[in-house]
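Consider the two complexes below, in which chain A is the common component and chain B and chain C are the respective partners.
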Partner chain A sequence: MLAYVAKRVTLAIIVIFTVIAAMFVMMHAVPGDPVRSALGPRASEAMIEAYRIKLGFDLPIWEQLLRYYGAILRGDLGQDVISGTPVLRVILSQLPDTLMLIAGAMSVAVIPGIYLGVVAASRRGGAFDRVSSVLAVSVMAVPSFVIAIYLLLIFSISLGWFPAIGAGEGVAGKLQRLVLPSIALGLAWIGYLSRILRASMLEVMAENHVRTARAFGISRRKIMHDYVLRIAILPTITVLGMGIGQMISGAVFAEIVFGRPGVGKLVYDAIANRNYPIVTGTVLVTTTFFVLIGLIADLLIAFLDPRVRNVITR
Partner chain B sequence: MTITTTTFGLSRRNFLRTGISAGAAGLALGGLPVLAEVTATGGNLRARLYADIAGLDPAYWTSGSDALVMEAIFAFSMEFEANSGAFNAKPLALKSVTVRDDKHIDFELHAGIKYSGDYGEMTAEDAKFSWERIADPANESPYAADWAQLDHVEVTGTHTGTIVLKEPFAPLFTSTLPATSGIILPRAAIEAAGGQFTTEPPVTSGPYRIREWQPRTRLVLERNPDFTLFDVAFDTIEFLPIEDPKTAELGFEAGDLDHAQTSISSIPRYQGAVPGGGSFQDYTALSYYWLGMNEANVGLTDIRVRRAIQHGISREAVVEAAYLGAAQPAAGIIAPGLVGNRTENTYNYDPDTARALLAEAGVSSLEISLAIQQTAEDLAAAQVIQAMLADIGVTVRIDQHESGSFWSLGVEADGDSWKELQMFLFSFTMQPDPSWATMWFTSDQVGVWNWQRFSNAEFDALNAAAVVEMDQAKRHEMYVQMQALLEESGDVVYLTYEPVGVLTAAGIVSAMRPDGWPILARYGRA
Partner chain C sequence: MMKSAEPVLSVEGLSLSYDTPHGELLALRDVSLTIGRGEIVGLVGESGSGKSSLMQAILQLMPGAARVTSGRILFEGQDLVALGPDGMAELLGDRISVVFQDPMTALNPVLTIARQMIDIQHRRKESRAAKRQRAIEMLRRVRIPDVESKIDRYPHEFSGGMRQRIAIAMALMAEPALLVADEPTTALDATLEIATINLLRELQQEIGCAILFITHHLGVVAELCDRIDIMYAGELVESGPVGPVFADPRHPYTQLLFACDPAQIVETTRHLPAIGGGLPDLIDLPEGCVFAPRCPRADDVCRMQRPADHSAASSDLVRCHYPQAPRLEILP
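Right, the complex of A and B next:
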């Protein structure tokens, strides 16, 4: 198992360094100048050039990239071009809000999604299955930003139940401001998860060991829980792992619509300003996070499925 | 003559008599919209920032958001009178300003203005240090031009001194002393900070001081008990960085904000009704909006073609489409209320003349690109321009660019894209001095911000002369003439000055400049 983890971590490092290289090339391929953004329109060409040299932006891309790799290994992600603040500090100030949002969205998605998937599969073809199918497709089809705006209009403006903007202060304030963005971000995932789980469960329910269990007179509840769900949940865990990664990018709209801080908005603004260190630093952190979540999902699958565990430990 | 309060005057005599001309806090820079969404709960005033703060050093600040916060935490040398409907500058940290002659301005600071920390009292030595610091080329301040004519500051007493200029400098009282470049800081604090600072000022002196800053989340200011220059109504100001004006509108409507700058597209809606018993005011910003043409591009080198395009575009129709009736067509780049505002256009909509000019130039099927940013206003304006120019036989291709790419299109240092650039829609904002509008169209700005590549020796000479011209009537004529020259070149179609809509909830009294800029420290209660 340890060898497997080591192998996955090595692979993860290669992925991260490759993504950083790709980001470097992409950022430098598009027009725009971070130094002009930082210094404003009144800066002279001499000032701009001096600042560019100071930041190392005058160097060839490959040299900037190698320097950046070296800096990463020293734990230095560089400085925000505009404010001069260390990039790591900027990202760490934003990350908790994004993680809270993702956790909130997952809370919204996972329990109803699993419940709907299990019940729909166990009542295949029934009214509940049909209604839940329609609902699942509906929430997946409606763009999240549309849901976000309607949530705001209904629950903040018309009913006044929730505040509209900001991240809030204190636990209660933060939770209060987390409800609507979490629903907006997580609603579609109820649909995804329920559909995936339903399909997976139906597949497992058709397998021989389930039929055998039924023949032995084991209760339907026990079959569904111990023989079906335990296996059928595995693809859902994989999707969930990927979903958390996707939610980081999906968080951008929620952060914009609800006026929240977060890494999604951070990287969005940084790209517009050509703030290269912030973009690469954020990509580095989110890629690491994504890879880490993938690794955890794989290990969880190995823990739940002895067949996978055997393959890994062999 | 000593001044305690001044208003804008046109004549040199009037200028010298009163000492100070049009004021200019002039805080918006770099094309950034501004900015105030405020809510008052108890002693707290919550204000929206267009973007988080990035630099609060008067020599190195970067955005309008920075300037808005600086106005609350530093005692400006001069300030603009709120809600007067005009740019009236009056001394603030300065007790008086006396114009001895065009090159010598005596000043006296209020005694007892305290800095935070152990930096003591504001003195004339601090003024000398702060102003000369920005002017000193060695410090590479982007705002050195605000003190371009400063020779030195002579300290004559603890609170008194003289600004000695190399040449007369008209923007001194409009976009230098009443703006960020007039802020006075103690040498010891700046040196302790290593010569400059960004988001954590080593010292403050204004009506508020920083209590807490969570990057990109909130900035909380608290009342400075040592500040005595005027009374403030709120114990704290809480700034929330919210870039999207639509989000801010929703925040206002949900009761999270009591005062909000609206998006342009929402102005007509709020003119009809304001939720929650609030009020709505609209202002004309100093931002000017125009269509530029790159005269160096092979398709536009013939002035008859550019003139045809000028005649082919109805400014009224473009402004109506882009600003939904909330703005008026412009005849220049210097907004109403400022010296140099031009009221009559030379080349107006005349499609028959446009067709004749194209025929004369031997152009039968011209295809031309129009570069715009990804905004609703730009797109609406571009589509109307496209339709109107199609009517005179010119096919327009609209190229939309995200902001980072757009702002490098005409910059020579960023590559060769400037060669392909043909027409573009541009909007610049400025401080309330006309020199801020014209400085981007000089020959030395070609390939930097002068994307038209307009180069005219008379314009350059007038631009240089107008800055040192103290007779406001003459200065006015010079700027009008500059705008006429620019239009005559065929390189521009002046479109409008952008509108600003402001929502204020019941119970809040806003303090606004005529261009819709909020002076938050002066906000009060009804």
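Right, the complex of A and C next:
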């Protein structure tokens, strides 16, 4: 098991460093000069040149990349070109809001998604199954920003139940302002999760061991929960892991539409300002987050599925 | 062997059909079968003969499209067809148990053997420790070595033969009155097959349960069973005690089937014998006897009229117009 974890962690680090390199090259291919946009139109050529050298932009790109790798290993992600604050501190100040949003979206998605998937599979072909199928496809088909705008129009503007924008103050205020963005971001995932779980449940229900359990008179409820769901949930965990990872970037639109602070909003503004260190720093943090969640999902599956666990221990 | 007048299981005139997009598929037609207390009955037939449909009907684990159109299945005097799912769930795993064909997939892959063997004792009001102890004792009886340490393992950590012994242990733990064994040795190799058959017979004698042994291996039937029932295309064509039926089969299909058993071939041959033709279409059945299209002796009566069930010297039941006719001359 330890060897497996070590192998997966190594792989994760390679992925992160590759992503950094790719992003680094892409950032430099984008037209526009970060130094000019930082110093403004009235800066003299000498000032620009001095600042360029200070930031290391005069060096060849591969050397800049190596320096960047070195800095990352020291925990230094560079400085915000505009404010001069360390990038890591800027990102960490925004990260909690985004993580809260993801947690909110997942709470919206997971329990209804699992419930709908299990019930639809147990009553395959019934009215519940059909209605939930249509609903699942609908929420997946409608773009999240459209849902976000309608949620705002209905619940904030017409009904006035929730404040329209901002992150809010205090626990109650923050939670209140978390409701609509969480629904906007999580709704489609009810659809994804329930569809995947339903298909996976039906597949497991057709397996021979379920017939064995039935032939021993074990109650249907217990069979569904202990014998079917335990196996059917495994592919769902992988998808959920990718979903959480993807949400950190998917949060951009929710943060913009709802005027929330967060990593998505941060990177959106940074791209507009050609604030390279912020962009690369954010991509680094989100990539690490994505890879980490994937790693946790894989380890969770290995823990839950003795067949995988055994292959690993061997 | 205990035997009493009242049979454990008595299938009476059972007909079962499946609704298919092409029409009603008559999977079982007027099947009658009796299993006495403590008796081992071998149910034989080729693929598509209705063995599995009959087994599913007895266990009431039929697919959704299946429908019993007539007949009864009496288990200890209780009609299983009329019982409903809850009543059936009470009997399954208690009075009636099953061992399924494929030991590699019959057990849950993510639960330990201990957990599964505790779960199937759900009717007992006892502590988990007591249930676990009973499971350990039962696994010892099927000769799983080193049970205490192995019981907490998962199915994939056991070999096929061991898994089938675990499945047998699970099925017999409740000491049922009837064990349905659906080709329990087909997936095993020859030496394991013999060992499993011997184990099954030994436990059957200790527990005194009746066994419905579904197989297409005639040698196993001759070795293990008291009676043999032969199915063809959804009908029971011949039924009787093993000795007499093997000595003098009365139905032409039984005669041909026995002649095709590779174990019966004495001389070296390049061609295995086979019965010409194929199974009839169960949606559009022939008018007369269902075996007439393949029967070497079929005449106009056979092709026009459905035969009734007759008894003959060696068999209790022969579904043929000519139960007393001389044996077929079967050329190799």
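By definition in this document, the second predicted complex is superposed on the first by the 314 of 314 C-alpha atoms of A that agree within 3 Å, B and C clash if a C-alpha of one lies under 4 Å from a C-alpha of the other, contacts with A are read in each partner's own complex, and residues count from 1 in each chain.
To be clear about the criterion, a residue touches a chain if its C-beta (ideal position, glycine included) is under 8 Å from a C-beta of that chain, and two chains touch if they have at least 3 such contacts.
Owing to the predicted nature of the structure, the values given are computational and were not obtained by experimental measurement.
Asks: In the superposed model on chain A, is it clash or fit for chain B and chain C?
Replies: These partners fit in the superposed model.
Asks: Can you pull out the angle centred on chain A between the C-alpha centres of chain B and chain C, to the nearest 10°?
Replies: Once the structures are overlaid on A, chain A sees chain B and chain C at 160 degrees.
Asks: Give one of first, second, both or neither to describe whether A:Leu152 is in contact with chain B, with chain C, with both, or with none.
Replies: Touch status of A:Leu152: first partner only.
Asks: Under the stated touch criterion, which partner chain does A:Ile271 make contact with: chain B (first), chain C (second), both, or neither?
Replies: Once the two structures are laid over each other on A, A:Ile271 reaches chain B alone.
Asks: So which one touches more of the residues on chain A, chain B or chain C?
Replies: B
Asks: When the two structures are overlaid on chain A, which partner does A:Ile256 contact: first (chain B), second (chain C), both, or neither?
Replies: Once the two structures are laid over each other on A, A:Ile256 reaches chain B alone.
Asks: Which partner chains sit in contact with A:Gln94 here, chain B, chain C, both or neither? Use first/second/both/neither.
Replies: In the superposition, A:Gln94 touches chain B alone.
Asks: Counting only touches as set out at the top, which of chain B and chain C does A:Leu240 meet: first, second, both, neither?
Replies: neither
Asks: Examine A:Phe216 and indicate which partner it touches, taking first as chain B and second as chain C; both and neither are also allowed.
Replies: After superposition on chain A, A:Phe216 lies in contact with chain C alone.
Asks: How far apart, in whole Å, are the nearest Cα atoms of chain B and chain C in the superposition?
Replies: 47
Asks: In their shared complex, at which residues does chain C touch chain A?
Replies: Residue positions touching the partner: 59, 61, 88-94, 97-98, 100, 102, 105-111, 119-120, 122-123, 154, 156-157, 167, 170.
Asks: In their shared complex, at which residues does chain A touch chain C?
Replies: That would be residues 207-209, 211-219, 222, 226-227, 230-231, 304-307, 310 of chain A.
Asks: Can you tell me which positions in chain B touch chain A when the two form their complex?
Replies: These residues of chain B touch chain A: 29-31, 51, 53-55, 62, 140, 142-143, 145, 198-199, 214-218, 240-244, 247-248, 250-251, 253-257, 402-405, 407-409, 411, 413-415, 417, 440, 448-449.
Asks: Any idea which chain A residues touch chain B in the complex?
Replies: 30-33, 36-48, 50, 80, 82-85, 89-90, 93-94, 97, 152-153, 156-157, 160, 163-167, 169, 256-259, 261, 265-266, 269, 271-274
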